[in-house]
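Have a look at the structure below, then the notes.
Going in written order, the chains are labelled A, B, C and D, and every chain counts its residues from 1.
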Amino acid sequence: MNEVILELCNRLVPQAYITQGVQARATHEHVIKQLIEHRKLPQEGWDDQTIELLLNELAVMDSNNFPGNCGVGERESRFASSLVARRHYRLGHGIGRSGDITTVQPKAAGSSILMKITNSMAMDVIKLTGIKSVKNCFVVPVATGMALVLCMLTLKLKRPKAKYVLWPRIDQKSCFKSIITAGLEPIIIENVLEGDELRTDMAAISEKIQELGTESILCIMSTNSCFAPRAPDRLEEISTVCQEHAIPHIVNNAYGLQSTKCTHLLQQAARVGRVDAFVQSLDKNFMVPVGGAIIAGFDKNFINEIGKTYPGRASAAPSVDLFITLLSLGASGYQQLLDQRKEMFAYLASALEACACKFGERKLNTKNNPISQGITLSLPDDPNGDQTTEIGSMLFTRFVSGTRVIAPGKDTTVNGYTFKNFGSHSNMYPYAYLTAAAAIGMSKNDVDLFINRLEKVLLKSKSCSNKLETNGREQES
Amino acid sequence: MNEVILELCNRLVPQAYITQGVQARATHEHVIKQLIEHRKLPQEGWDDQTIELLLNELAVMDSNNFPGNCGVGERESRFASSLVARRHYRLGHGIGRSGDITTVQPKAAGSSILMKITNSMAMDVIKLTGIKSVKNCFVVPVATGMALVLCMLTLKLKRPKAKYVLWPRIDQKSCFKSIITAGLEPIIIENVLEGDELRTDMAAISEKIQELGTESILCIMSTNSCFAPRAPDRLEEISTVCQEHAIPHIVNNAYGLQSTKCTHLLQQAARVGRVDAFVQSLDKNFMVPVGGAIIAGFDKNFINEIGKTYPGRASAAPSVDLFITLLSLGASGYQQLLDQRKEMFAYLASALEACACKFGERKLNTKNNPISQGITLSLPDDPNGDQTTEIGSMLFTRFVSGTRVIAPGKDTTVNGYTFKNFGSHSNMYPYAYLTAAAAIGMSKNDVDLFINRLEKVLLKSKSCSNKLETNGREQES
Amino acid sequence: MNEVILELCNRLVPQAYITQGVQARATHEHVIKQLIEHRKLPQEGWDDQTIELLLNELAVMDSNNFPGNCGVGERESRFASSLVARRHYRLGHGIGRSGDITTVQPKAAGSSILMKITNSMAMDVIKLTGIKSVKNCFVVPVATGMALVLCMLTLKLKRPKAKYVLWPRIDQKSCFKSIITAGLEPIIIENVLEGDELRTDMAAISEKIQELGTESILCIMSTNSCFAPRAPDRLEEISTVCQEHAIPHIVNNAYGLQSTKCTHLLQQAARVGRVDAFVQSLDKNFMVPVGGAIIAGFDKNFINEIGKTYPGRASAAPSVDLFITLLSLGASGYQQLLDQRKEMFAYLASALEACACKFGERKLNTKNNPISQGITLSLPDDPNGDQTTEIGSMLFTRFVSGTRVIAPGKDTTVNGYTFKNFGSHSNMYPYAYLTAAAAIGMSKNDVDLFINRLEKVLLKSKSCSNKLETNGREQES
Amino acid sequence: MNEVILELCNRLVPQAYITQGVQARATHEHVIKQLIEHRKLPQEGWDDQTIELLLNELAVMDSNNFPGNCGVGERESRFASSLVARRHYRLGHGIGRSGDITTVQPKAAGSSILMKITNSMAMDVIKLTGIKSVKNCFVVPVATGMALVLCMLTLKLKRPKAKYVLWPRIDQKSCFKSIITAGLEPIIIENVLEGDELRTDMAAISEKIQELGTESILCIMSTNSCFAPRAPDRLEEISTVCQEHAIPHIVNNAYGLQSTKCTHLLQQAARVGRVDAFVQSLDKNFMVPVGGAIIAGFDKNFINEIGKTYPGRASAAPSVDLFITLLSLGASGYQQLLDQRKEMFAYLASALEACACKFGERKLNTKNNPISQGITLSLPDDPNGDQTTEIGSMLFTRFVSGTRVIAPGKDTTVNGYTFKNFGSHSNMYPYAYLTAAAAIGMSKNDVDLFINRLEKVLLKSKSCSNKLETNGREQES
């Protein structure tokens, strides 16, 4: 309501009450003004009312919501279903233009403002997590793997003759597939075992560079956040090598923003060497639905170039989700989530340790992995690991989601490449094991329930490790 | 509510009333059962209540909503904001798995069912529009251009040595960019002028195939729906050529589903020749927000292969939007929208004709284009076309969105390729012109407002064609 | 967003696009300004977006939504559940103050404005229906019967010695109970039969006035909308009598606003005689949930006095529902509903006539009732009417709601008063019959389904009228 | 989804995943079953998803949502606006029938079940607060004052000759007005001063009974929760007197449920004497919007009789709000709110004490009032109290809502009765004072902000107590 309208309200309600309302409105507008002016993640989170007020204001600025608009184009952002209109706050034009996913659309000023502010807040939050020298980033409505494809395709345009991607092995399909999908050839760098931990084989990387020649290598794709017993890659050393040989370096930082260890590693890597882009998942770091990623980097131009490779407009949904979530949390809310995660990591560690101990197992010593942890699983008489992996199913049927149980012995072929013991990041990890992660949003209750159920399952597996459980979930007592 | 609960309701409310409610419930369940059983687009649309009931039921089946679930993985689909949870009906796990965007996720049975049904209904609706022999399709949460990239990257895996894409010129950036982004080299086939219409130069295509050799050509990318005065490509002839030379054929069918002419063309092309995949926009054909596409084809396996190239899970948002929209419309509702569009096309045609006539212009005779139409614009004393293109701005400031005004004379460079007279699909189209489209959802009121405002603008432009309007929008009388 | 914010948006998006958005916003604000300024029902309905924008703006002006507000009173309109907050648009303070339900609250400027505008639009819509000389009205969040209690209690304060209410019999419990609840004594005026129709016995009224004396009569409570075969009361004659004897006159106009015949009757009654207040149901006239009424009248002060008798603040829910509904419909939308209802009345009449004819029954000639209609039911061998009334149950189990089947012979006692043949408005109506109404919002499909099912039921009843159907609903073929 | 549908899901998604979903669903159904079976407030609160699932299930059972229903009555619960339908979860039939607000409706099994469960949970929550011997209660969609009217009108039907209501003075308009509106004559019992506290004058009550005679007294209306310095009435003594003289006793327990002191008082009163009904506000005790009350009592039949006096169906909105809120909180959530309130009361007490001390004032010693507290205000040179009451306005403009500032000297006339020093519950309270309450939902932040602003205001008032602040709100530093 503008001032003229508020003036008219005085005819209905005494001035003094209107004045109060006007001041309240001014407070809402003040935080909105701050946001539009500075595009910073606000320190304190907003209430839902203010967030929705802003979303509604932005929707008003999109042409599909103009009263009296007539659309005679092929794409006018009409809605056939009011349920759909409502869930998107009537923002239908998506983000970006055919030329560039980060530019504004004439037909959608509101959506464009939302996109710009979201990208700006995303950069702020990346800095908050510790990557202080980040220079540019944008939200892209594709998953991490596809975002990595975009990064590689952009590099490919600049280095048309390069065809290899050096890839320290990480047994997660989508990052491997991203190389294949980009039409490139992965050069798998097997990890080396250090104690219980699997770490980057820097020597092998150097050898491969030597062997293939700098020109033929499109980039090294390293991984920052990963499952134990693998550790984050030796990012500083890789980025140093990349700089020395002028080889681009892409970091898969899927859920690394939530750990200061990971972000510190990235920040250091950028300081001492070369990192062209790093990619993180929206859902894994910000508790929004699956389907978006942030592509970020330390060179403004290169990130802009990636933005220009996405052909066509794109879904605004992940941006809207991040926009709402970041405004709702504020810097302090997000920081609190990060702090809680750290606490939960320690809590999970000691709980796992105690549980392992009780069953004659031990916690793997993977001190460099700040998110995922593992314990050994040593079932007698389980030569091919079937009973061991059954533990995973038993946990699943007991409503424990997210554990991974790995028993050596299985080969897996992905796009024609065969991986020995796929899942363990290694051809010959010495133990069978189970991992669990302390990810953002985890509660103490999650840990307690997990340990409780794990103990029941271990008890059962250990006592009757020669017959498989086949029939679903037991009643919890 | 199950039967035990309903039985208990009898203690609160007389049996007879409960019986009525149970029967009503059974009716809802019956339509849901039909849907799950047959995965067909229902003939009649559902009311919002039934749609939301089903969405809520599906959400219950996703692990993030399990009461008592404990999540110890990296991705547990937690929601930080209840606004976000609500707008996604608490479905947070996205669709697909790292290996394949069309497979089910263990953690998300509900989302997986939704995805499967949506893809199945999408196939149904493609058949309904006239492409009866379609064999497979899936919704992909990327825009049309990016979906074309996926198609080409998949072909690239199968034809690693091919690097050219034969591309009958269509002046729309994202389809051109899709070739570049895929790391391929576009071979531009200029259109030929037939009367007012721009049509595929079949001879040039044959020559190029001769010249480059079949092996080096990844595919021909043709375009079905496009702006006048370009006509849809000669799909039958192209597909025949493709079959003869064993060259893959990808059709950009962006908004072609809404026209029986376009779908007939595609159906015929598949019958007489080779069409590997055709891609259509969700928003342009189904009035949902920007950001999704359907990749479809006549060979089940090839479409499955494309599904396997998307690395990682993907956003469910476009699938959910299509799911809601198709259920809400039903086959009869969608058919009605198609029929209305056809009527509007005819209505727009006669209105444009009359308007053109009034101002000494004429409607372009582009009889093969069933969606977009144009009229000539001949302003005197406008050597470089500035006053002519100003007409577009004047319409824009008068809340007319979607017109395109083209005056020859401007070159545009996209990714290093220079296009003469970009926008006109031709190096030397003989007229300046304005186009408007009759797209799905257009109303009679849209046409009337458009013509009314167009006439005002033409009146102004023609009378004072030597001074540019600079100051925004006039008041409508 | 205010101008300063919009100015800042220019940094993110080009001025021209912002300008468009600003103009669109101005259009929304314009209609809001018109509403606040003139408090008139808008001619054209608003879209949901504008309605929700305004509701959100109003909520911002209520103290419970003030950022930084601290509440140290007993009633601060906090919300324990966000579901509840959301469904009330965060408006929690209700309407009115302890002294007067129509006054503004210091803590809730937004709710107060909403209440004032709703009451003002309600008056507008009453005029639109034909009661042009209405002078005052307000929405009260109680059902019609309770609203009648408030009217009578207000009269009682002014006429403390009066204790009788003259009440032309209408067999609907809540209006009778309203007299009892108000602590008054009903004087039942039996109707007289004129042809098939039951009409007000004016002679009996005059006699009773004579007998009891003017002073002892609190008011006459007449009824305007009613079930056939009763006709609306002879309002003109009653109001004339009331004026002559200075007896207050309250009209139960429950669903009378939807019929021009009823509103004409009321308007005439007010012109020629005395009508102190007339009460109408919100849900029956405006398709909102049950629970609100409008108390209206031709004397501003008396209506204000009624407003002052409601002790305490009251629920805003019915006002919010009416506010949304009236804005959504606009005058033209409401007029259209009225017109459709009239058509449906005629359509139902001819369908009932044909159906009656087919089964040897006849349509009751109740030409003065513009909403409800009836047909005779003459089952042979049904001395106590059981089989006849069974027809109602059979229709109910076939998902026909709202019919009334009346067979003479049953006495009913309400609050100590015994009514012969309760339901038929008469001690001795000559026929058994079934009624159906053409109420606002009825569709042609409603009529068709009804007649179809009625015929099936009649067929069954007539053929086997000597055994009762007991087991629920049959399958519709 | 029923079992047949779930079986069909297996065709889309592996059995194991479906099984998980089915188990999750069973958990939801289990809590729903428990609720329907036992109608108890659940111990733990439900999540929003389960609440909305149940609301949607209930809506399915109302006839207006029956697929294929045809409505031919006057009231078919159609919705004109989808916004309205949505906010009421498509429940439109209200609660109750014309005969009785607590009975079920044939057309609305779902709404009826909701109403029954809500009333049952309401009784549970009353017991939880400490009134263990309550026997019956129901939610009525009117404010506390109007609910008191209903109680008195019901008594009036039973005691037609009684006309007086003995009313220990409480300076809150709506309870006084409730007597007037009910057509009764209030007999005001002035309070007596004990220390700083105003307490019931039992002697005066006995005298009045003597004077007026038992037969002529309809009831005593006492007050349990009230503003300091008044204490809750001496309920035990009043109820003893009532029992002795067979005089009905109605207790205004507006916000008394939130204090164990108040509920203990009521419970004791019922144990030792006579309490016919006690009425509490929904919004003041349960943080829902204004507009509903619970009428409760210790005699099942009498409460049923009150339910029968409400003529007509009634709004379901307050019942739905309470239903959602109670399910959302659960017994433990509500208990937690009660505990927090108690803590806040103590916290506010010490903060007020300290503040008073600082400014040479003192906290009133009102040890019997467990909710509201006061401090003296002694401004020099303020003979008519204007500067003192200005303190209230100054707080209001500083976004402090809910304080009451009372300075003696003003008379107020309500419905013809003049009250000396209205607001202070006494003709001659010795001090000017300010009160604040610790009501349910108050946070520590509320108290801190309040004290902070109060100190600023007192500083200003005390320093310049001879000129009035006129110009609105100052900026908070």
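Here are some notes:
Heads up, the rule we're going with is that contacts are C-beta pairs under 8 Å (C-beta built on N, C-alpha and C of every residue); 3 or more make two chains touch, one makes a residue touch a chain.
What you see is a predicted model; the values in this text were computed from it and never measured.
Considering every other chain in turn, the ones in contact with both chain B and chain D prove to be A, C.
Farthest chain from chain A (centres taken as the mean of C-alpha atoms): C. Centres computed as Cα averages put chain A at a distance of 29 Å from chain B.
For the pair chain A and chain C, the distance between C-alpha centroids works out to 56 Å.
Taking each chain's centre as the average of its CA atoms, chain B and chain C sit 48 Å apart.
Counting partner chains per residue, chain B has residues 16, 20, 23, 48, 52, 63, 66, 68-69, 82, 106, 396, 399 touching two or more of them. Considering their complex, residues 48, 51-52, 63, 66, 68-84, 87-89, 91-95, 97-99, 106-107, 141-146, 148-150, 153, 156-157, 160, 172-178, 180-183, 225, 227, 254-255, 281, 283-284, 286-292, 309-318, 321, 324-325, 328-329, 337, 348, 371-372, 396, 399-404, 414, 436-442, 445-447, 449-450, 453, 476 of chain C touch chain D.
On the side of chain D, the complex with chain A involves touching residues 16, 19-20, 23, 82, 396-397, 399, 472-473. Chain contact summary for the complex, chain C toward chain A: residues 1-2, 4-5, 8-9, 12-14, 16-18, 20-25, 27-29, 32-33, 36-37, 39, 47-50, 52-53, 56-57, 59-63, 65-69, 82, 90, 104-106, 109-110, 112-113, 116-117.
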